[in-house]
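Take a look at this one; I'll ask things after.
Labels run A, B, C and D following the written order; every chain starts at residue 1.
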Amino acid sequence: MKFTRARGVGLLGIFIAIVLLFAVNNSLGNKITETSKIQSIWDFTSTIRIPDSAKLKEDPKAPPVAAIELPTMITISLICGALILVGGTLIAKNPERGWVAPYMSSVIGFGFFSILLWAVANNSVDLSDTLSRVVRLGTPIAIGALAGIVCERSGVVNIGIEGMMLTAACFGYAAAAISARMIYGESLPANVVKGVVWLPLIIGILGAILTGGMMAALHAWLSIRFKVDQVISGTVINIMAVGITGFTRTNFLLKFESPLRAGLPQMPLGPLADIPLLGPILFDHKPITYLMILMVIGLNFFLFRTVWGLRTRAIGEHPKAADTVGINVNRMRYRNVIIGGMIAGVAGAWFSLEGSFGFDDGMTNGQGFISLAAMIFGKWNPIGAFGGSLLFSSADALQLKVQAYNFDLPSQFMQMLPYVVTLIVLAGVIGRAKPPAASGKVYEK
Amino acid sequence: MTANVVPALEVRNITKQFPGVLANDHISFTLLPGEIHAFLGENGAGKSTLMNILYGLYDPDEGEILINGKLAKIKNPADAIGLGLGMVHQEYALVDTLTVTENIILGTELRKGPVLNAKEASQRVRELSEQYGLAVPPDAIVGDLPVGVQQRVEILKALYRNVNMLILDEPTAVLTPQEADDLFRVMRELADQGKALIFITHKLREVREVADRITVLRRGKVVGDADPKTASEGQLAALMVGRDVVLKVDKTAANPGDVVLKVRNLNLRDDRGLTVLDDVSIDVHAGEVLGIAGVQGNGQTELVEAITGLQALPSGSIELLGKDITNRPPRSITEQGVAYIPEDRKGTGLVLGYSIRDNLVLSTYYKPPFTKGLTFNDPAIDENAKELIATFDVRTPSATTTAGSLSGGNQQKIIVAREFTRKNRLLIASQPTRGIDVGSIEFIHNQIIKQRDAGLAVLLVSAELDEVLALADRVAVMYHGKIVGILPIAEATRERVGLLMAGIQEQPNGK
Amino acid sequence: MANEQQAPAETKKTTEPQPSKRRFGWLNEAIVPLLAILTAVLIGAVIVFVSIPGNKLPTFDLNIYGSRSDWFFSTIPERLRVTLSAFTGLFSGAFGDWTKPSTIPVAISNTLVESTPYILAGLAVAVTFKAGLFNVGAEGQLLMGALGSVAVAAFMPQWFGVASLPAIIHLPAALLAGVIAGGLWGIIPGYLRAKTGAHEVITTIMLNYIALQVMDYLINGVMKDKSATLQRTPFIHENAALPRIISKATDPSLTGGQAYPRLFTTTSSTWDLRIHMGIVLAFLMVGFIWWLMNRTPKGFEIKTVGENPEAARYAGMSITGTVVGAMGLSGALAGLAGTSQVIGLEYNLKAVFSSGLGFDSLAIALLAKSNPIAIVPAALFWGALRTGAGAMQVNTGISINLIQIIQALVIMFIAADQIVRWIYRIKQAEGGKITFNRSWGK
Amino acid sequence: MNKRIIAFMMLLVLMVPVLAACGTETAATTAPAATATSAEAAATATSAETMPTAATEATAAATTVATAEATTGGGATSEIKIGLVTDVGKVDDGTFNQFAFEGLKRAETELGVKIDYIETIDPKDYEKNIEQFASQGYDLIIGVGFLMGDAIKAAAAKYPDLKFAIVDFAYEPALANVKGLVFSEDESAFIGGALAAMVSKTGKIGAVGGKEQVPAVKKFVLGYEAGAKYVNPDIQVMTVYIDSFTDPTAGGEAAKTQITEGADVIFGAGGQTGSGAIKTAADNDVFVIGVDQDEYNTTFKKGPAPKLITSAMKRVDNAVFEVVKEVVDGKFEGGVYFGNAANGGIDYAPFHDAESALPADAKAKLDEIKKGLADGTIKTGVTLN
């Protein structure tokens, strides 16, 4: 019996399922004493609500479109049982390929679902809100991953995405704040106080894009012109970003009074947003989230259907081949790294203009690194990376959601969930992903 | 070859200096439309440098290039292509993950705005491949294709750009003799259509077969022109090497002893599930050289790596002197008396950044006399270096010079020195003379025979059929991961082996 | 690269190309880092000059200055003065005010104390650089080391049901626990890298976050000092503490009833120093790592795997073993850094926030070009910057982030030494570039 | 060529300390007191007025006794110097660091003291940063944050003649030269919770906290819950702690989850994270309660903020100002300043723009609760551990 990847993953899956089962059993057992209606752990039910998004706006107590009541313990037992069974099959059969990734994904996916059920035992949860949060929180990760894809597909490793996002967040906000002051003076005119002030916000986004591009240009300059190891150059970007943004914030931003009060607004897409479940998930977001979806689709198209994409893939795989047919490899790399940085800039704008309004030190909180993991998870494909981003953001969303239910899992475990998931995904599922062959290598004729 | 035709290409006094090497020394030649002009020379004679200059990959220090009688400035490959120059590189410039069509159109894409016009491009490729008789599947991923087909893609890539001059840099290195013949047919056809071809090789027979004119290069200089119809192989060889070369290796008949290496039923698949080794079984006896012939990439590398413990095997068994060594760690196999010259000298055999001294103990550094207690025993390591440098005639300023700064021949001698001086029972040599100078080749060939005569079993893998035929006592041929035949050297004619290399099995009773 | 240290002594060479270059080899090696630092500091000075906070300058007044630019120009002398005082502050914070000799010992001791974890963590990263790995996980490994050592140092007597253990057992046990805990935390990414190809840059960053949470959980849970309102572990036992080198006697009422050891006792405030034996440990480790990397087969293996993994495998070295071993060693060193902080300096472990040590140690290892000996000056420089930053802020109100900008610039100039060479017209040196395993996957 | 440039650069580096020394001297001679043959320490203290470099500020005194003499013996000409060491964070990060600094700034303008600060980047630097001020004989050194408890205690023992204060921490037994500034956050939040329960229609309210491990945060949250239950025992309080004080996005998302699960009042207690929560919640049209300061002035930039019903105020700034004043007036005593409802150390903020949306009797009810808390008739019942 050889220890292989498939067996390892099977074992891990079984372990997770068993731990989960025990934890739920234990925790629900403790809850029994609290309420009188519930006699045994099998009596708990978890309700999943799909609210009526259209009516909810007028009446916060509008009845949901559907409320699915699931027996908590039975459902979780079934899920864990199935996971253990499949895990056992993996160990017994040791399939060579095609099993590991789907199995690990379902362990994580169903694991999350079980935790959610566990948390809302004897309570109910709004599904569309949870899922729309996954998309929302996935936005910066997905955009960051796209930035990574553009760079790595053209052969430049970019671990500086975190730094690019952070700087972009800082200067994007600065651009918005300063331009608002220049346009409107010390305070907004009365007629726009409540409305959305588009012009400075757009200037802010552009500023963020520009900043991301400039940081990327530094990365490109160091790693292409000076042939600095790309990992080191990315690290320089990350450290520099912390310094520059912290310095800018304390020395300038905080002393500057801007009339701007709110960031990018919610933009429900008319009747589409009222579709139950789907509406809140896809059609009721702020602009950068829509932009993210467009960018995922767009980059997929550009990468695989256009001349630029063909050339980009070629210089990332085999730069010499591209060079011999007259493509200027280094110029193209410069351009793509800067484009990547500009994309990362959009993610930066999300942090300071959409997710929240304002800039704080270190506000990207390591999402740039998670972006890279999402990129690797997605095997350097935009759609796949988007999927990876959703996986990571669902860990985040779950973490925020379950805490609201006085959940008795220590908060530290929930906090480390996204990182543990990243680790499992990197080690178990994508270990065999093949990066662009020339990624990380300096091109010399 | 009338005198009044304007040459397609004229090169005057091209000179290129690299640190420490004068790669091209005032080279001049002309290329006429419709001719196949062969450049013959040893490795390092400056052929590839010259071609890279023509193709805009290097800048010459001096000299000028005229195309169709006009002075041309070739700064980069795009200029070269624009001037009608195409090149088929020795290492194919193909992107493995792209399709045939994508590879061919890369750089001169058919487009609708920024969008690729994939359909039409694929159609054009199909037409082109029919026009020149170069069959390729336009929508297949290049990495999945056999090398012969990849080479056709390379040629089509040039033709797609409407070149009228085509440089082929060592195009036959990875082909079977039959595939090479096929290539020569295509080359001839292209020449007949008026294209001018430059054909670079170091194989004498090939130039005589296909070239219209031969220019011989040695140490960066043109040392002579020859007419293939009149020049003999011996003459050409003398020109190429600068002295009369011994083409034959002096050796006596083998005196085989007991089986040293016994390989049974090896099977292996690669990451994509394709068969790499298909039920391979061989025996190597003490005192004999078993040569493995075959076009590169037919499983030889994996076979050798399996024997040396570098490649894990799902099934099959390997025995060394009756002891099972299947899937043992490389070190324990080495310690049982296996010496191994790897095919990739720079990537595997040496640490280029290390000194010669350290490279000479790369596989024995951990045991006495090179260690004393927990630390290295420097005097012993220095002594070892001094001794081996002298014995194996490594040309170096000092033992602390880095391996990377030596010539290929001297690098290979370091590996040979390190591997041959252990107590060995089996010697595995994989492409031992690829890309090194004739002097070193001779030296290494003699060393191998010396080892055989000392009673070692030798397994020789080479893509150079000539080398296998010169050294081996028995010849095994690999095709698609299978041993398709094992012949005693007396029966191993070039033709028979060639057919086997192309996968054409002999019927036991004759067909 | 390898073994150049022992080259000149024994080989009898006839032609040594440039003897003078060899003799001043270290100077050639050091000139670029020094100029990189100089350039970064000069740029830092320009930043300070331009962006001095308003409360340190005469207020802008339209009547006097006319316009903003007038104001800027008229404040140039003041700006120059503040800029200078920022850097004199930086200097006096780190090395004492040399006009007041009594401030010198404390300042230098503070710099050394600050540098101790940098030396150890820098070494940790340098070891992985040699193996071609980019370990961003020093921070997590340091935390785990601190946790491991504090668990033993504070709780071990309890496990055996005794009041205290002799120092001869307790101190080594605490050290060992820290080293092992850090080492294990380093082995995880090493194993993942070797076996699954998961890239260490991402896994170590993830493990840093996880380590923070684990620590937070333990310090607020089983390891919490129940009698303290602070979220911290109990004070460690005095027998598990690394002695301070010279200080006043500690007041046991401040330290949970423990009287911590010191080598020399003083009554003078000038000599009441925080410097502890951790720095000696750090220097010992520098020596050990130098010896390991240059004089032993294990070090040779690590370097070979870093230089050319293919060749290492071919030469019979175990890639998995070496990668796991190098990461484990690295983790152990980082763990020792955490250990010396806990049992030498703090005497307990608090729930802390991320301190950015992971990236700092990368920078130090880069600055030292992974040379164990050069780690010392690099770490001292870093420690001095950090120690001096407080005084700089007091003097000028300049944000401490300036230090981070200077640090990033230093790394940038070190990594892209061509920039420095171009500015100062220095010729390109041979080799010496660090490379890493480059792809994300296997 | 290159040598000359290097030499020049080296020279420049060498010049830095020399120039600085020159600057110091000039300043010293221009300072009026320097001509007198008074104690060197006194001269230093005086010249510091015009020349605040480290060189001049660094005390000449070799012992702390001498330092103490310098500060007291300087008389009218000597300035009172206050040093602030922040917790990990910045003096303007929207947490107690900022509020302590604001108190100090007020002291600077109103009392004419000289203030300086060091922002801590790593907890292991607490001791060193305190030392930075202590060794220069600052009259009062203020540490912000309970994590600094041990470091301040150690410094107070080492420098018995200097005065110290620490925010959010008190010593048991009290130390002679340290003032602990603690607050009953629970009382402050209790009032907020009561108001929340009064305006909630759904019977569900939410709280978004920063790091759960910080006692002040936990007391705020528990006090809020207790206050709400005081008014409406059946009310359901949802709590989310977020492991950061600087993650407004997570704060906002946490608030949103609570809103979708029915909460219609959100209390944000945790720096930027909490501010993010109440800002998002206000955008989503539910009532919000701020923390620490009147967030009408900070987070909502003086309105309009129709959804901000009040803030649970903890007057760190006042406490810091008071302790500085005590030092200036020479009335400083070690011990504990306990900010509570009785002495105004905690309070609730005005309703501002939300006034009209609140029940008519709300203000009266809140005053009544505040009075009850002050005189002890109402207990929050919050204890940690």
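One rule holds for everything that comes next: contacts are C-beta pairs under 8 Å (C-beta built on N, C-alpha and C of every residue); 3 or more make two chains touch, one makes a residue touch a chain.
Model, not experiment: these values are computed from the prediction.
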- Pair joined by more contacting C-beta pairs (A-B or A-C): A-C
- Give the label of the chain whose average Cα location is farthest from that of chain A. B
- Any idea how many Å lie between the Cα centroids of chain A and chain B? 47
- Query: Hey, how far is the Cα centre of chain A from the one of chain C, in Å?
  - Reply: 32
- Report the inter-chain centroid distance for chain B and chain D in whole angstrom, where each centroid is the mean of the CA atoms. 73
- Averaged-CA centre spacing for the pair chain D and chain A, given as whole angstrom: 35
- Contacts with 2+ other chains: residues of chain C: 213, 216, 220, 356, 399-400
- Note on the structure: Residue ranges of chain B touching at least 2 other chains are none
- Item | For chain D, residues contacting two or more additional chains | 90, 243
- chain A residues touching chain B in their complex are 96-97, 302, 305-311, 313-314, 317-318, 320-328, 432, 437, 445
- Query: Along chain C, where are the residues that touch chain B in the complex?
  - Reply: 1-4, 6-7, 10-11, 13, 15, 291, 295-297, 300, 304, 307-308, 310-318, 431
- Given the complex with chain A, which residues does chain D contribute to the contact? 90, 92-93, 202, 206, 212, 238-244, 246-254, 256-258, 260-262, 264, 272, 276, 279-280, 283, 300-301, 304
- The answer for chain D against chain C in the complex is residues 1-2, 5-6, 9, 12-13, 16-17, 19-21, 23-24, 52-55, 57-64, 83, 88, 90, 116-119, 121-125, 127-129, 131-133, 135, 146-147, 149-150, 153-154, 157-158, 169, 213, 215, 243, 384-385
- Which bits of chain A are touching chain D when the two form their complex? 51, 60-61, 125-126, 129-130, 133, 136-137, 193-194, 246, 249-250, 254, 261-262, 266, 351, 355-358, 360-363, 365, 396-397, 400-401, 403-406, 411-412, 415
